[in-house]
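After this come two complexes, each holding chain A, first together with chain B and then together with chain C.
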Partner chain A sequence: MGPYDSSVSAGSSSGSSSSCSVKPADPIDGLLAGAGYRVRSSELRQVAQRLERLETVMINAPTEVSHLANDAVHYNPSDLASWVDSLLSELHQPEIAPDPSTFSDLNYIAHAQGGPVLVNPMVGHCELSSGTEIEEDSGIRLVHVLMTCAESVHRGELSLAASFIEELQGLLTSVDGERGIGKVAGYFIDALSRRVFAPQEASLAGSAFENAVLYHHFYEACPYLKFAHFTANQAILEAFDGHDCVHVIDFNLMHGLQWPALIQALALRPGGPPLLRLTGIGPPSPDGHDSLREIGLRLAELARSVNVRFAFRGVAASRLDDVKPWMLQVNPKEVIAVNSIMQLHKLLGSDPSRGSPIDPVLEWIRNLNPKIVMVVEQEANHNQPEFLDRFTEALHYYSTMFDSLEACSAQLEKSLAEMYIQREICNVVCCEGLARVERHEPLDKWRDRLGGAGFTSLHLGSNAFKQASMLLTLFSAEGYCVEENEGCLTLGWHSRPLIAASAWQAMPVLQHPLPLINHHQNVI
Partner chain B sequence: MVNLLQNGDVCMEELEEEAPMFCINDNEDVLVEILRRLDGRSLGSAACVCKMWCGIARNDALWEHLCFRHVSPPPSGVRPVVVALGGYRRLYMVCLRPVLSRLGRMRVGLGGGESDLVRRVWTRQEVELSLSLFCVDYYERLLGGGGKLTDAPASSLMFLCKTVNV
Partner chain C sequence: MVVPLNTWILISNFKLAYNMLRRPDGTFNRHLAEFLDRKVPANANPVDGVFSFDVVIDRGTSLLSRIYRPASADGGVPSIADLEKPVGSDIVPVIIFFHGGSFAHSSANSAIYDTLCRRLVGNCNAVVVSVNYRRAPEDRYPCAYIDGWAALKWVNSRPWLQSPKDSKVHIYLAGDSSGGNIAHNVALRAVESGIEVLGNVLLNPMFGGETRTESEKRLDGKYFVTLQDRDWYWRAFLPEGEDRDHPACNPFGPKGISLEGVKFPRSLVAVAGLDLVQDWQLAYAEGLKRAGLEVNLLYLEKATIGFYLLPNNDHFYTVMDEISNFVSSNLCSVLLLGFLVLPFLSAASGNLSKGAFETASDWEMCEMIAAGVFYALHCQISVKGGAILR
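And then the complex of A and B:
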């Protein structure tokens, strides 16, 4: 049964995967407990691998471990995890240059439901050079200390956290900071140190212009935004079928990159294009420069080139809940599409006096009676009340995202896209209260929320799925996957969904009850 | 060569007399018909032969034929849109060719050159996607040029130019 037998006297530890049922609490593995060893089920694989490594070290360097046979060294082997850790850290490891190409940071952070399980599914583990093990070990240690640091921040022990941050910065030098776990960890360490040392200026929010530039490069470096735009456009196109007067309300115009494709598709639709109105919401621009209007002008130029009657209106608002429905000037005869790409989660922060802005916003959206509401959101749970849960979840999520970004070969786009992601990370990790706007919630929660606000789900058709799949094959990286989830589409990296697109329709508003009842009451 | 003289006699001339030269450059319509049947790469090469060929090969109608001759049914009403967004030649070079070669390679496997693209039937959805990407390209050139159209390919389509790690 392999090396496990020599180190563990009993227990079918090969049942590490089968006996371990992942529960929210951290249960002790029952089989090993029967043999007198206390190991948490979530740590079984990690312990097993370390035991393997210990065996390799012991075989390769018997002189170094001979002292174990002579001295009375008191380690408590029943806590197997710390026993093997302490043994390993005692023994010398040879220094060989690391070979980081054999793994990605995903290997370090598994997608377990419990705590941070560190998994390294490398095949032929014992045959690899110990240099790889150094890198892997440093990487594992890095994540381990990162999590411990987050835990101390969670408990409010800031001086302890500060010392961990120093240790982390030292550990960073022993991993490759340009890729994999080193890169992601670097950003998280940076975010934690901002939170611990400079909480006032922790948020990395830049000017609207900077944000738009970073957004544009994020659009180019990876397919998430393209997927969002194309899927949304397909659904909107189908919703607008047969209507001649259509109005799109975009909750975050940016450079308007989504709309050329819709304008072109409307230009080519059978029966001719409708009159298209676009209302773009965006942050106010400083120094009198009207960036919303400029984007509107470009879009109008494009629409004119392809003979689509087009009208643009810009609504400048620094927050979505500052927008009032009258600013949108909807016409009762037109068919409305509301388009929200990663905006609704910003409304989930709640002010003790006013409550969450999401509810009034959803209400006025519904009162517009839109034909379709497109909602695209990050598929992550970054809005949990406990800091440690958010941190862990964010570490998983952004590691996956950085992993997918590795494939991008355009260096400038990639660096700026990373800066864009870094801002999100900082907001999730450093900010609290109303300053924390990146409150991502998973699709199921959005389903409940939108359902409760009076919306019904519209299934995104097979055309949207086919188009998304086709778009994905155009990207050179092989790991992207489009999945269908009860009528919604998700785009992910290696089966971890990262972004979810869903379409909604307002349920018809109930009529007021008949006045007959009041009449009877008056009579009585 | 046999000559018919004015007096009705027939006279045999020397066979050194050259046969009537058929010069393709004198028969532009034949040239166009031939070029219409080429694939994109050959058409591009043809444009390098001489100035006259260049002028003919750059005729957007030829590229229109190239773009959509294997689309069934052929898309209608597309021409004004494509022309407004930059023309069929640009559509082919910047969007259709990379999209179709990428998608074709995914389906068929490695290998197969430009000639495979010629024979393959393109689905309506592939064409629609290419048109959408073409429109984004136009828009980005509008944005980048500050209102004036530049000719460089926009960065949003750069991902199409990169080789596939299959």
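And then the complex of A and C:
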């Protein structure tokens, strides 16, 4: 008899019961799920055996332990069975064939968790802060009235809302508008004011040039975009390993800040660099100026200086759904990486006549048969149907983001970064319909959406995690945290994830007729 | 002497992962540790009657804590204003919890500890404040104790945590493994400070010493834990050059102090019969008794480390019941006292509720606004003086 008693029932989760009436055929152990591990109840014994085996190997070969820690790349620790297996195969241990006789005496109370606990739109974490005791009371009152004002907007009581806005502007004078609660509240009061008094001009969308400038300063002032870029580049580099013709399709080129690092990494890769094609999508430039081409030329210069064969193509489109696959001119021999940094959420608005552009766009992406699709999105629930829910969530989200910005010492960058964020806030708060493009959705929703569109998850591993953590330590203030979330990486401030990076690949078209593997169900 | 299968898997998984993280030279693979640790976000949406949110207690050290509260009776989602709403019932215990991990592992947002704290809320009808203290080896003694002390001061100064009965915060310190050790040391610090700690709850607290005890020799390597790893963690936590008789490790040892005459809180100490450091834990309980302090010792013969993490064994329920009684027994005595005092107060009570406010509705409004406090406001006040805002 082993150290564990297989006849003792594993106990069931004391959590809320699943709302669906049909129990999944192969439930996961509820208690381990509460600890963050997904192990099928029917596999418990097997997993235990593998752990025993792993232990034996580790005891017998202590030097191997350091190899596991330092060199091996770990993926998705929540899937305990495959994590243990990956360690065993790192140590060249063959898998144990499952012993059928051991399953019969197990007597688990089959009670599956309904799935991961939904990240509440109102994750309670707030960074609004004020300086002195006197300010504290004004700060409290400010938030209270702000919420009441949002509520009246939600109910359509616009004249009531207008009077609250007046009151709020008065309250703002008694708090420090430069930092903490004063600053964030200021932006939200401004947004509400625009919505109430000037809804037609509410959107703060500026010219493409202005947007690019603000974007650049947001990039410099805080690590969110840098994290997106280096996490994406790491995954793309790995996907391109062993291939000689590669093609990156960037859904939002901007100044091409992401690409020098990838070009340099490709230049240095063992075996030499591939032929790299980059297709950059961006808005059309006004008055004959071709900014896409200029960026392309600069990147070509860099590529030439490090001996990477490089070709650039710019695709001007004001919206992603205006892009047609033929514009990308993909070559059947090349390996494709699609790079989408905070672009997909803009496709979630729906037009009564055409439906939501996200579906056709995901379909043509899939039809490109990309080796990897990098998706980075804001980790927030700003696309809820009810205004008040969106407002509340946005208040929390952007407060946290502003708080993280406080650490930035470069004043100009910080101010322009704030303007960048302000535009997002205005869009979330003031706009409706197709004008509201900042329709951020959390990671779990993107998992469902991408899974349903025929993509499978490519896990980001401990090497990407470590690189991200190290770069953060080097370049940013303390308080940022990288977390692993079932194969994806998030970057957050003070334990609140703010941005999530995930990697995907298209499932081979051949598999289409079979039931799709869903992230939350078991493989059929 | 068996544990349920899923418990075995959980603890073995930790054991093997942790083996990879401890390096022979005393350094720690923090990146891999953070990658492997299963974390959960705070959730203001009540789940099983409990919601949670994170607060910044000290900006300078990025000291965070996660607060867990019982949801309101209607189970509705609390608004921003409700997160720091004053506690409702007459007496609400506030349990400051220090997670385990031998001073090096885990965080307040680790899934296992998030789950445990939620259970404590439901079980004890308490507010739980789980402290994300700094860990070894990057931050050795006394950093974890400093963070614990900061959290205690913070909790004690929250108006919304005061029990309406006596306008005081009813504080208990609790922790498992290294967290139990931290609870003891924070309670020690609190003595003479004027902050009253009503009780300590120590689950498998982490103590040790230079000599090898009988239980250490007998159980070395038998139930998930080895002497070698215990030694590693002490070397990682204690100041360099110090041995395990340092009072942080061995509070009643040769370098320890007697607590005789010291106004130290009453303690509930749970010891697992299959934990190799039980002799040190029992010696700790003895040390408290010798000083004339009240100790409730729970010896759970067949329990291993981590038995309280999953509700699939008798020991779990025994301990949860004991903790519940422990934090409410003060309640009983206060209620009794209140019962006697009540007639004297009732005459004055009619005026108390209005206090300095002009109208009853102003009072209600201010209560609601006070409820809508962003705790960071308070944090900022305590840090502001001399704090470097980066």
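One rule holds for everything that comes next: the second predicted complex is superposed on the first by the 376 of 524 C-alpha atoms of A that agree within 3 Å, B and C clash if a C-alpha of one lies under 4 Å from a C-alpha of the other, contacts with A are read in each partner's own complex, and residues count from 1 in each chain.
The working rule: a contact is a pair of C-beta atoms (placed from the backbone, for glycine too) under 8 Å apart; a residue touches a chain by one contact, two chains touch by 3 or more.
As the structure is a computational prediction, the values presented were derived from the model and not from experiment.
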(request) Could you look at A:456 and tell me whether it touches chain B, chain C, both or neither (first, second, both, neither)? (result) neither
(request) Using the superposition on chain A described above, determine whether A:219 touches chain B (first), chain C (second), both, or neither. (result) first
(request) See if chain A has more residues touched by chain B or by chain C, and give me that chain. (result) C
(request) Could you tell me if A:329 is touching chain B, chain C, both of them or neither one (first, second, both, neither)? (result) neither
(message) Taking the superposition on A as described, I'd like to know which of chain B and chain C A:207 touches: first, second, both or neither.
(response) neither
(request) For A:367, decide between first (touching chain B), second (touching chain C), both and neither. (result) neither
(message) A:470 in the overlay: touching chain B, chain C, both, or neither? Say first, second, both or neither.
(response) both
(request) Name the contact category of A:267: first (chain B only), second (chain C only), both, or neither. (result) first
(request) Go through the superposed model and pick first if A:409 touches only chain B, second if only chain C, both, or neither. (result) both
(request) Pick one for A:169: touches chain B only (first), chain C only (second), both, or neither. (result) neither
(request) List the residues of chain A that touch chain B in one complex and chain C in the other. (result) 407, 409, 466, 470, 477-478
(request) Over in the complex, which chain A residues touch chain B? Could you list them? (result) 219-220, 226, 230, 233, 255-257, 260-261, 263-265, 267-268, 297-299, 301-302, 305-307, 407, 409-410, 413, 463, 466-467, 470-471, 473-478
(request) Would you tell me which residues of chain B are touching chain A in their complex? (result) 75, 77-78, 80-81, 84-85, 98-99, 102-103, 106, 125-126, 128-129, 131-136, 138-140, 142-143, 147, 155-156, 158-160, 162-166
(request) Sort out for me which residues of chain C touch chain A in the complex. (result) 2-10, 12-13, 15-16, 19-21, 23, 29, 31-32, 34-36, 38-45, 47-48, 51-54, 56, 62, 64, 66, 77-81, 83, 109-112, 115, 132, 223, 309-312, 368-370, 372-381, 384, 389-390
(message) Can you tell me which positions in chain A touch chain C when the two form their complex?
(response) 1, 3-6, 8-11, 14-16, 29, 31-32, 34-37, 39, 44-45, 47-48, 51-52, 54-55, 58, 65-66, 68-70, 74, 77-78, 80, 84, 106, 117-133, 135-137, 139-141, 143-144, 147, 179-181, 392, 395-396, 403, 406-407, 409, 462, 465-466, 469-470, 477-479, 481-484, 494-497
